Amino acid sequence: MSSKYKALKQECYEANMELDALNLVIYTFGNVSAVDREKKVFAIKPSGVPYEELKPEDIVILDFDNTVIEGEMRPSSDTKTHAFLYKNWENIGGIAHTHATYSVAWAQAQLDIPIFGTTHADHLTADIPCAPPMRDELIEGNYEHNTGIQILDCFKDKNLSYEEVPMVLIGNHGPFTWGKDAAKAVYNSKVLEEVAKMALLTKQINPEAPRMKDSLIKKHYERKHGKNAYYGQN
Amino acid sequence: MSSKYKALKQECYEANMELDALNLVIYTFGNVSAVDREKKVFAIKPSGVPYEELKPEDIVILDFDNTVIEGEMRPSSDTKTHAFLYKNWENIGGIAHTHATYSVAWAQAQLDIPIFGTTHADHLTADIPCAPPMRDELIEGNYEHNTGIQILDCFKDKNLSYEEVPMVLIGNHGPFTWGKDAAKAVYNSKVLEEVAKMALLTKQINPEAPRMKDSLIKKHYERKHGKNAYYGQN
Amino acid sequence: MSSKYKALKQECYEANMELDALNLVIYTFGNVSAVDREKKVFAIKPSGVPYEELKPEDIVILDFDNTVIEGEMRPSSDTKTHAFLYKNWENIGGIAHTHATYSVAWAQAQLDIPIFGTTHADHLTADIPCAPPMRDELIEGNYEHNTGIQILDCFKDKNLSYEEVPMVLIGNHGPFTWGKDAAKAVYNSKVLEEVAKMALLTKQINPEAPRMKDSLIKKHYERKHGKNAYYGQN
Amino acid sequence: MSSKYKALKQECYEANMELDALNLVIYTFGNVSAVDREKKVFAIKPSGVPYEELKPEDIVILDFDNTVIEGEMRPSSDTKTHAFLYKNWENIGGIAHTHATYSVAWAQAQLDIPIFGTTHADHLTADIPCAPPMRDELIEGNYEHNTGIQILDCFKDKNLSYEEVPMVLIGNHGPFTWGKDAAKAVYNSKVLEEVAKMALLTKQINPEAPRMKDSLIKKHYERKHGKNAYYGQN
C-alpha cells in the first residue's frame, strides 16, 4: 500500500537507524522525528521497537496535536514533547532524543556544559543549557507535553534562541537536540555527546579550567555561521 | 541423541552468547542460566569454557538441589547461587552473572548505585542494592550457596522485592541480574552496566548531584510498568 | 585529466583517511596536509567534506602563501596554519590536526602534558607543550595564520625544537602534530592521543605522581633516536 | 627453508597477533616471547615491526645469553629482559610486554594495584606489584638486562612468588606478564588491563574502598587453584 508520507517515513527511519549506528543508544532507547511543514505532520519512531527490527513502514505519522494520522503502532512515549516543540518552534525540521552516556551524565549532574573549546564553539556559542527537573505539579500532569514547556521555559529564562542553540539537557533525564532536518538533529546529538565527554575530561584534568574567552568563541562561531563564513563548501 | 531439554539448552546457550556479544564479559567470565519451572530443572553454562567454543549441547541441566540431570561437563562454579535463587524466587525464569567493568567497580566500592535519572527509573525505582561482603563463617562454608543467602538477606534488610528490583551487586564481587527468562536477565545486566557507568560519571561531574525526585521516579516507572503504562507495543 | 600533483594528492588522501580509521575524528573534523618541497606546494583536505565521501581528486594544492594552485574545492579552514608552519619549519613533510577527545581535553585544560613514562619518552623528551589561548588582537586579525605564530612563539618561549617535539596543543582548541611525511604526522596524532589518555588516568590514580626521572627520559629517547639507537630495523 | 624452531616461531607469532587482536597495543608497541626449555632458546618478536606486517618467519630465536640463533631481523628492544627472566625463572614458558592504557597508568602512578575484588582474586592473591623506577646507575648501564634485575628485586623485597603472581608493573614504564606458555602470558596481560581499569574506577567511586577481606581472597583463589579446585573442566 502506498502512502503520501513515504518519503517522510524514510527520512525518519534513516535518522533513527543512524542513532543506533553512532552508538548513541542501546536497545529501544531514544527516538528521532522528522516534520513535513506543508502537510503539518511529523513522523516518529514507534515505542519500544529495537533498532534491528525497525522498518520504514513502522514509522508513525501524527499531527501537532498528537493525533495519529497513519501507522498501526503506538508512537514513542516521548511523542508529545516532539509535537510541542514542532508547534512552538517553526524553523526546526527534525528532533532527536537519546540516552547517550556522557550527555545523560551531565543531565543527571544538573549542570550546564561550559564552553571550554572550539569543538563546542564551532557549533554553538553558549554553554549547553540544562533545564532543571520538572516541578511536581507538572510531573503529575501531562508529563511529556510538560517536558516541552520545561524546555521552552529554560530557553526563555536563559535568553537563548533555539536557532542558535540546537540542544538542551533535561535535568535527571537526558538530551534533546534538533536541526533543519532529522539527520541534522542526529548530528547534533553526536556532537553533544562528544562535547559532553571532552568537558568532563577537561574538568578532571583541571578543575579550575576557565571557560573559553569571549573573543575566541565569537571568532569560531562566525567562521562557520557568520556572514563571511569560510568553513565548508557553500 | 535427542534430549527433552533441547529447547531449554538452546535458550540458555543463546543468552550466554549474548553476554559475550554485548561486551559484558571477557574469556570465560560470567554465566547465564534458564529455568523450566514445570520440569523443575535449570540449564547453565559449563565452567571455564570460552564463549567462542561453547555449543548448545555443552549446557548442563541440574535440579534445584544442584544434582546434574544431564550433561557431561562440570557446571559453572556459581551454579549453587543460581539454584538457591530459583528455589526461593519462584517468579524468575533466568539469571545472569557478569564481571562487567562498571558494575564490578560499584561492587568493589561497596556502594549502592543511587538513582540519578530516568534511564535508571525506567527500569527500577530503588537504588541498585550492594550486598555487603560475606561474613567469614559463611565464606568458609558452602560459599556459592551462601552467596544466595547473602542476596536474600540483602533484599530483606533493604525491604526490596525481587520482582521490582531485578539486580543486585555483591560487595567485592560483581552483579547478578534476573528476569522472566534468560534473555531478560541478560538485558538487565546490560542496563545495569550502562546505569553504573552513567552514575559514576554523574558523580565525577558533580559530587553533590542529588538523587532523582521521588515524584519523577514514580512517574517514569509507572509509564512503563504501571496500570496505565504507555511504553512499548502492548 | 592527469595532474603533476597526483602522487602528493594520493599521499594526502591516504593520511586523511587514516585519521578517520584511527578514530581520531568524527564527521568532518580534522585535516592532514602533505608537502612537496621541490615544487613548493602542499596538499590539504577540502573544508567540511565527510571522510566517507572524500576522494583523492578532491584534495586541494596550494603554495605557501595560500594561493590555490589546483583543485576546485575550498581548502580546509585551517589551511593558513599549515602554510605558515611549512614556510617556517623547513624539515617537516606533513601536518595533522584533529579534535581527538583526550588531546582536546588537555588543550581545554590549558596544561602541558607531563612526561610520566616511557610511552611518552620513546617519542619525545619534553612535556607536550600547550600554547596559551591567543591574545584578542590576534584573534580578531588573520586568525588561522596567527595560530601558526602562536605555535612558533610557544616553541620559542619554551625553548623547544620542532624536530624533537613533533606536536603541540593550542589552548581551548586542540592538537597539531607533524613529521617527515603525512603518515608520520598522523602517527604522532595517535601517539599523542594515547599519551594524553594515559597521563589523565595517571593523575586520577595518583594526583602526586612525579614526572619521569631525567636519567630515564634520556635513556628511552636515545635507544630510539640516539647515535647508538637499537630500536627498529635500521 | 625449514627450521627446527618452526613450531616455536608459530606459537610466538600467534601470541603476538593476539596482543593486537585484544587491543592491548597500537602500532609496534609490545612484544611476546615463547621458550623451548629443551632446546634452551626462546622466540621473540622483531623490533619495530607493525603487527599487520608481521609473519611467523620474522620471529627471532635467541639463547638465554641474548645470542641470535636464527632470524635475520633485530629482536625486540626488550629482549634482554625476557632472556633474564627465562634464565632465572625456570617454570615460565612465555612472557608478554604491553603498553596497555590502564596498566601503564598504574605503572606511571607508581602504585601497586590493590586487590579489590574477585576478578582479581580469581587470578592472584596479592596486590599487583609495581617495581620502583630504576636507580640511575642501573639505567646508565645495561638497561634492559637491569629491568630484569629490577623485577627480581621487587619480588624478593615483597616476598612474592613468580608462580603465584604472574605479572608486574615497572614504575614509569608498563607491565610484564608471564605464564606456562605465550598464550597464557597474553591472557594475563588482558586480565591485568581489566583489573587495572576496575581498580581505578573503584577508587573513583569510593576513595576509601577497602582491600578485599583476606578470607574471601583465600576462598576465590583456592576454588580455582587449590587442591580441591572446582573451577573449569579439569
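By written order: A, B, C and D. Residues from 1 in each chain.
By definition in this document, a residue touches a chain if its C-beta (ideal position, glycine included) is under 8 Å from a C-beta of that chain, and two chains touch if they have at least 3 such contacts.
Just so you know, these numbers come straight off a predicted model, no measurement behind them.
Enquirer: Shortest hop count from subunit A to subunit D along touching chains?
Expert: Steps on the shortest route: 2.
Enquirer: Using only the C-alpha atoms, find the rotation that maps subunit B onto subunit D and quote its angle between 0 and 180 degrees, to the nearest 5.
Expert: A turn of 90 degrees brings the C-alpha atoms of subunit B onto subunit D.
Enquirer: Compare the CA centroid of subunit A with every other chain's and tell me the farthest one.
Expert: Chain D.
Enquirer: Would you mind pulling out the distance in Å between where the CA atoms of subunit A average out and where those of subunit C do?
Expert: Taking the average C-alpha coordinate of subunit A and of subunit C, the gap between them is 33 Å.
Enquirer: Can you list the subunit C residues in contact with two or more other chains?
Expert: Each of 204 in subunit C touches at least two other chains.
Enquirer: If each chain is a node and each touching pair an edge, is that a line, ring, star, complete or other?
Expert: Graph shape here is a ring: one loop, exactly two partners per chain.
Enquirer: If you go through all the chains, which pairs of them touch?
Expert: A-B, A-C, B-D, C-D
Enquirer: Mind pulling up the subunit D residues that touch subunit B in the complex?
Expert: Within the complex, subunit D touches subunit B at residues 116-119, 187, 190-191, 194, 197-199, 201-202, 204-206, 209-210, 212-213, 215-216, 219, 223, 230-233.
Enquirer: Which stretch or stretches of subunit B touch subunit D in the complex?
Expert: It is residues 26-29, 46-49, 73-74, 77, 99, 101-102, 104-111, 133-134, 136, 139-140, 143, 172-174, 200, 203-204 of subunit B that touch subunit D.
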